[in-house]
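Residue numbering begins at 1 within each chain, and the chains themselves are lettered A, B, C and D in the order written.
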Amino acid sequence: MSRFEPLNAGNLRSDGRRPLELRSFSAQLTTHPSADGSASVSHGLTQVTACVYGPREAKNRGQTMHDRALVNVEVSVAPWAGEMRRQRARGDKRTLEFAASIKATFEPVIQTTLYPRSEIHIHIHVLQLDGGLLQASINATTLALIDAGIPMLDYVSSLSAGLYLTTAMLDLTSIEESDLPSVTVAVLPRSGKVTLVSMETRLHVDRFEEMFKLAMEGGKVLRGEMDRIVRERTAALARQMEGGGGTKEEDKMDTDDL
Amino acid sequence: MSYVLPGDVLTPPAPPPKSLKLGPGLLMLHTPGNPVIAHRPGVLHSTPKQQHWIETESRRYIPASQESVIGVIAYRAADAYRVDIGSAHLATLDALSFEGATKRNRPNLKVGNLVYARVSLANRDMDPELECFDATTRKADGFGELKDGFMVECSLGTCRRLLDSKHFLLPSLAQKFPFEVAVGMNGRVWLRAGSVKATVAISRAIGMLDDRQTSDDEVAAFVQLMDV
Amino acid sequence: MPREAEPSINQRDFVFSAVQQGIRVDGRTPLQARQIAICFGNELGWVECSLGKTRVIAQVTATVTRPSPERPFEGILLITTEFSPMASSAYETGRPSEEEVTISRMLEKTIRRSEALDREALCILTGKKVWALRLTLHFLSDEGDLLDCASVAAITALRHFRKPDVEVVGDEVTIFSPEERAPVPLSLHHQPMCVSFAFLGPANVLVVDPTHLEEQLANGTMSISLNAQREICVLQKAGGVALPADEVMRAVNIAVFRVRELSDIVSRALEEDSKTRVIEVR
Amino acid sequence: MDMDWDFDDEGVQKLTSPGEVITSATQFMRGHGTFVEDNDVVASLSGTIERVNKLVSVRALRTRYHGEVGDLVVGRITEVQAARWKVDVNGHQDALLRLSSVNLPGGVQRRKLESDELEMRKFFEEGDLLVAEVQPTHGDGALNLHTRSLKYGKLRNGQLVTVSPVLIRRRNSHFCSLPCGVDLILGMNGYIWIAKHVAENQKEGEEGFDAEAVYSNKNDDIDMETRAAISRVSNLIHVFARRSIPITDAILAEAYDWAVQQETSPSDLLRADVGDTMVAMVTALA
């Protein structure tokens, strides 16, 4: 086995980034016009698409709740997404767990009580995987929910962090993930609170805090980037609706007409 | 007191008396001699008036007419509530079966509220029905919504023991501090005391009484030592 | 699948207001855990662990198999979790519920991914024969915090278990029955165990070792696996209520103490048991 | 933070996104798309900020239909239940259409019979399309519809196009007739019905009106020319919707004329270049 050097003498990572540098982040909204909301997000070579349907009449009426909407999450990973072609079974426990944590992350953030007895269905499709599966999925879901016009208390932005010796680094690639202790966090940027923390590798308690807090800070930065993309799109839509329409009608939610 | 097991044959007096009444756990077979058999394990109770029944230490409630139960509102329909009383099926509670309820003025119960109600209809082929008043006088009679407080669950046997006025637990607790309690025949006890500590103390005492590994003496000692 | 009935509003309000005053319904304080009891069976590697009324059985068995071609030097550890309606009517056989998936994945990560077991020590003959250990967890009763109880049971069972001694001469492998040679304990790198928390009420009061009722009412839960050397192995806060970072750190520090306490309890129980057990060859 | 908070009366609309503090809750009231936290009105949607007196709301630029009383909607029956139908109107729950809220054949005065309840599929069946009005709702948010007007009821002789509900503006009448011989029903829920023109003397209440056909499932004869017109209009709507341009009868008539002048076939309109030219032409005119 060849030795992998996470950080070389020049303080650069295997892909040439500085420890706290993020991979190039890009996002696109309304990638699937047939869904109520959709977004595609990429962090470097990791690419995830999320589609949101709803709030709509629940398909399975037995599961509905009288006082809030039901949130369903389904995750599928393309067999070609990873380094090796691998078909994951539908009921795979890892995938189910993954879907459950996405669901639990968004349930308290979406204002579900506005839609009793409805259902919000989130479908996440992982197209390319090079580390940061959870962060990309959460960020894509946030954007897809915003695209669908579903009211949320805040953005949820997520980022992973790792630790090499004593140096913390952000936004790990798959090779870094397999070699370093790493944590993924999801934050609500406005309150600065953390909604998801997931660490699956061994790390001394004293080393944890620095990495954890850096990931939270990074998450807040990422929110700025997502917000910029959302605003651009919203502004473009608003422009089209204004200019393109050519109507002189009031644009307000006018109640006089009733 | 005599214990019976399922299948035990009890012989009633030769022509069965007219007043013979068989309660839960007993069954008369339609074979020659009309033997009565037990179909549950437990303690056989009888009254001089030829009423017989078996008390069982079970946790599953089977609704019986005129029993008082504690239910949790599970659904709201237009003119009735569906109530979970711990039985196999949800019970129906008509929105008008409350004291003073009219078409215009109905109680406004939410899903998750507790009610103390009486089983007005228990038929094995139909969902049980509840009422929160005395159907003849239309008075609440102590039934209705249970506000605040806490609910603990215990076995049906423990509930029956608590309902026995000679049982030591509730009077001995009452000497310590005042509290309100409603005991349902369906293995649920609602209680409300002045402080959180007192409520927790009662619920723990009931929990100990329910636990077969603690004896009554230990429960009594717990109540004595309780510092509220 | 019918959902489990939600607790009544009265119960919810009471639990929340009580915990605000630092009292829990069973009389504990927020950071107090229930009494843990460990008992051993006749066989080595059979452990029943109870936490209040929550009960879990763990059993370890070993067989000899061929290693996987990718890892010829390593033995195999298989963890199976058996949920059944026995533990609680909320569990169904067949399709696992979300809680079941979370618990079994947490155990998998705590014990297997954290390399608690020295799998290379399970190798008998490279590429040909290795020990395959099977750790089975049976959930008997769910009164809350199944995960912590199961992780204690699992680690205790792994420490309690002994595999038959083997001798390798060339390609010849002899496995000795317990009568011939004393079986040997497994080699463990470390002993991670889980500590779970729930956040209750409008102020999100942190409580340790939640009961079933508290789990149902919680705004969020969090589980941390650690070993006695203060190393975090898994930290899982999958959504739920959002918390300030310091609250997460506080939970981590509480968990450090709790795990040390649990390790002592496990060690003491194993010590007690070893006094009553004769393993040496007569 | 003391945000100088002011709306532009003209020009750029103020945009916001979830979690952003809009203003203080002590001076303003929260409307749709906002919530109050720590004395601040915070946005929960990404969209434009709107203010009516003291009421602040945020309007998302893409969302499902949020019903309001008096809205005209086009819907599709999804289920026949006891004395009511469930109707998909692109909302967050299916809307309800009670048997008592429809007109039955045989005149307005006709009483509902028990036999009607058993034959509800004679009136509306799963999959049928209809136009209806949103009624005041009571209870838990599901919309109630009614078709108790001769203008409303079952739809035939045409085709359905769905767009985002934000592209349909509220107006005096949602029933329009285009000069090309096509009738439009612009449902506030984004469902648009395009159908063959109904001649004035065959409208409800006129002598040519066929009362028995109200619940008919059979289309009338439609000539090729009308069919082409219907598909051309539907493709035009698609083109506008994809570019998020609000749909009105004026803009459609304009575009239709342009398409006929250019002699484009209905299917050509869906080509990106043709669509772009068309949109550029039409919006420049307006």
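In this section, contacts are C-beta pairs under 8 Å (C-beta built on N, C-alpha and C of every residue); 3 or more make two chains touch, one makes a residue touch a chain.
A quick map from chain label to UniProt name: A = Ribosomal RNA-processing protein 41; B = Ribosomal RNA-processing protein 40; C = Exosome complex component RRP45; D = Exosome complex exonuclease rrp4.
Please read these numbers as outputs of a predicted model, since none were measured by experiment.
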| item | value |
| --- | --- |
| Chain closest to the middle [Cα centroid of all protein chains] | A |
| Pair exhibiting more inter-chain C-beta contacts, B-C or A-D | A-D |
| Centroid spacing, where centroids are CA-atom means, of subunit B and subunit C in whole angstrom | 39 |
| Gap in Å, rounded to a whole number, between the CA centres of subunit D and subunit B | 55 |
| Mean-CA-position distance for subunit C and subunit A (Å) | 31 |
| Chain contact graph, described as a line, ring, star, complete graph or other shape | other |
| Full enumeration of touching chain pairs | A-B, A-C, A-D, B-C |
| Subunit B partner contacts - residues on subunit A that touch it in the complex | 66-67 |
| Complex interface listing, subunit C residues touching subunit A | 1-3, 95-96, 98, 101-102, 104-105, 109, 113-115, 219-220, 222, 226, 229-245, 248-249, 252-253, 256 |
| Complex interface listing, subunit C residues touching subunit B | 5-14, 17-18, 21, 23-27 |
| Touching residues (chain side subunit B, partner subunit A) in the complex | 75-76, 111 |
| Touching residues (chain side subunit A, partner subunit D) in the complex | 30, 33, 36-37, 54-57, 66, 69, 111, 115-118, 146-155, 188-190, 227, 230-231, 234-235, 237-238, 240-247, 249, 251-254, 257-258 |
